[in-house]
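I'd like to ask some things about the structure below.
Letters are used for the chains, namely A, B, C, D, E and F, taken in the order the chains are written, and counting of residues starts over at 1 for each.
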């Protein structure tokens, strides 16, 4: 058996467009499990995000600033290569539903094949956050619905500002 | 946010009647994630196990003896109370299928309600072990099938011996 | 098309051994949908319930006494025949998970075949109650766990009394 | 407990591009449950429907004309705000499969958060209609397949006409 | 690649206690796919069937007598060893639901491990039979429900006779 | 009962953009079940494949050349009409996950409605291939990951060549 590394570095990858309270719950729980947790935004040029990578990193930094072992980053390319470059041995993932589970299983098996030394660790969403996704939050606010409690307050302000500006342009 | 404990103790609870190679894979992966991993047998008097708690602990100890941070124990009562008594903050669980996922989700939510400071961490079964269960292994060997590769060799010997004795009695 | 009956009577069948806050949530929601809601305990002699049918009816009556259009009953035999005898055209069911969904679908299709004029209406469990079942509540309290918030207070008292008496007998 | 309203108004929202016999079955069953059922087309400018909102409303009106308590409408914006504006307290939804169930659960939980007084009621698809979707019907007829029995006859005529015209343009 | 055998023999294993119209549909479909189809009853002494193995074989023979390439048998022991003894290279299975699928997948992977030369072939249940199981049919008739159309007529007669006799004893 | 045809022709339809080792495993298993297996590429002008239909047919032919009863073709239009034109009575499909199962069930029921004489036969993916899809293979190689073992060697060479050329253009 390979021994346990003295310090465990974990990557929590995602789009975070924008971060929701479901993501934040997972970050807080992950920060209690691993010595260092890197929340990292996938830069994907083919998708058109609502917020730029820089804006998303700024929002993430605002909400994790009190957690001494959490940092914010971004990456492109293969996730397991990025993880190795950071000295990480853990990929942290949240599961909200059966369909999430199946997708996560496919990715976990592929990532283990690509890098057997990197482990995918899954946490199940708290029931209070099981129905929240970035996509749904954006839809609700675009239609004028109330999203307080679904995203951090600073994110709510930015979302309203962004969608007003878009609507007014 | 609560800070990360300096050392993470994890419990991997189960019946292990007997341990399979799927369990062993999970133990090896868990031992690389946590500072101390306690594999603990649930003593359940209402079930009639094939092997006694003592025999199951012996089989577990044989297969984990090379892992310095893994130990073997047994418990009864409420899992989260047992975990707290051991200073553990993590429950380790394996998921093989959607139906496992649903059961594990229900247990994880109940356990979080009972003890919010204890986190359930799920690892997905390696594809090579996704179809193995203790129950199925016992069925196959009882019908004369070949289970080599499904359980550790020392467990295979014990299984054959136990089922022969049972058949001959 | 058959016209809508002037008053809709719905049956909410179950074991309710004992009623949980998840059941109570469903009763309250059902009582806002239908003119009359009959919460009805299936008398099943082959199962050994923790509480007798009479005790379960008593507990149900205590928690629904403020709802003018809810009543409590028990039945045996075929559910759709019982529903017809009560003038009910709706069977109310809760769904907590995918495995619930599949079972409920099988029952709904069989019941429609037996009585096409009776409709099965499903409500999805509130996220706060998705992990609660009578079985799990009994397990937790039997092991000494805290179930406040999972069942109505009057049920919690009875559960503690029943399990103490059982343990002391 | 909030009392039951004297009359229940339900919304059955959807794209209905076009209405299928699966939708029609659900409308007929919903019309027997609620005092007034509003079948309402979501106007979504970002999607390119095969039939305009007006054509879809016309097709819906043709097939529900014999149901005295069913009417046809369209909406944009937040579904729960539209429902409130109509005095509706029920959202009616059909479930055909596990993947439907998970999506519907997410929407039901979000809608309850946005408007706790509005209830989502799910009916399970009749087995005869479980494989029919508007998308699949359009694919089959575009490839020359026979869709009689899958959509109302008047819709079949329009579909053939529309797809011929498209093919000939 | 191993060549195709000149004749394919398939086993359709099950309890058939009793055969339903869902089983019969699968037998008819399997008989059009394979040169010889052996419908074979698992003799399981630990279960208490309603009908003896001999009665179940008799009922099966009655309903398949017009199919020249279908025969009826029974077996105990390991399914793949029985299949090999019959020269069979196919195990035929029906899938009605997601939970069936998961169980069938586990069995198919275990059987492939035990006998890689034997293939498990799955047919999906016709929608008309997706809700029928032997267990549910027995429950419905025991409670006085109408099961015509769910089982072959000869089986319905036997079921009524058996359950009357049981009730009267 | 309709008799079994003397020879069974099966169609294995797909995009095969490109063929993976999961597809190849299914072809090899299908070739042992049916007298003639036609692997047939769906020509879909609305999708932008990585490889042209001709290239995909060439890759398929290379990997199946040793199987005497396997041939390669392409089709457009309705699958069941194409199958009938080839004298095929079987559609062969692989299932890797629950979400695959649900989609395959919907298609199987629609195809049975369109052509009741054509049977859909499902084989479950080998566990070693359960996480491989053409889409994921293309993503991994585009990001510089190692795909050996996931696709046939000749396909790996073409994939590298294609994606280099694309990157350099």
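Just so it is clear, a residue touches a chain if its C-beta (ideal position, glycine included) is under 8 Å from a C-beta of that chain, and two chains touch if they have at least 3 such contacts.
Given the structure is predicted, the values throughout are model-derived calculations rather than measurements.
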Any chain in contact with chain C as well as chain E: B, D
Length of the shortest touching-chain route, chain B through to chain E: 1
Furthest chain, CA centroid comparison against chain C: F
Chain whose mean Cα position lies farthest from chain D: B
Same vs different contact residues, chain B with chain C, by half of numbers used: different
Interface copy of E-F among C-D, B-E or C-E, judged by whether over half of the contact pairs recur: C-D
Centroid spacing, where centroids are CA-atom means, of chain A and chain E in whole angstrom: 48
Separation of mean Cα positions, chain F and chain A [Å, integer]: 35
In chain C, residues with contacts to at least two other chains: 98-99, 102, 105, 109, 127, 130-131
Every chain pair in contact, whichever chains are involved: A-B, A-C, A-D, A-F, B-C, B-E, B-F, C-D, C-E, D-E, D-F, E-F
Contact footprint of chain B on chain C as seen in their complex: 97-99, 130-133, 136, 140, 143-146, 149-150
Complex contact set, residues of chain E against chain F: 1-5, 8, 28-29, 31-35, 66-69, 89-90, 95, 98, 101-102, 104-105, 108-109, 112, 119-124, 126-127
Touch list for chain E against partner chain D, complex: 98, 127-128, 130-131
Chain B-facing residues of chain E, complex: 77-78, 80-81, 98-99, 102, 105-106, 109-110, 113-114
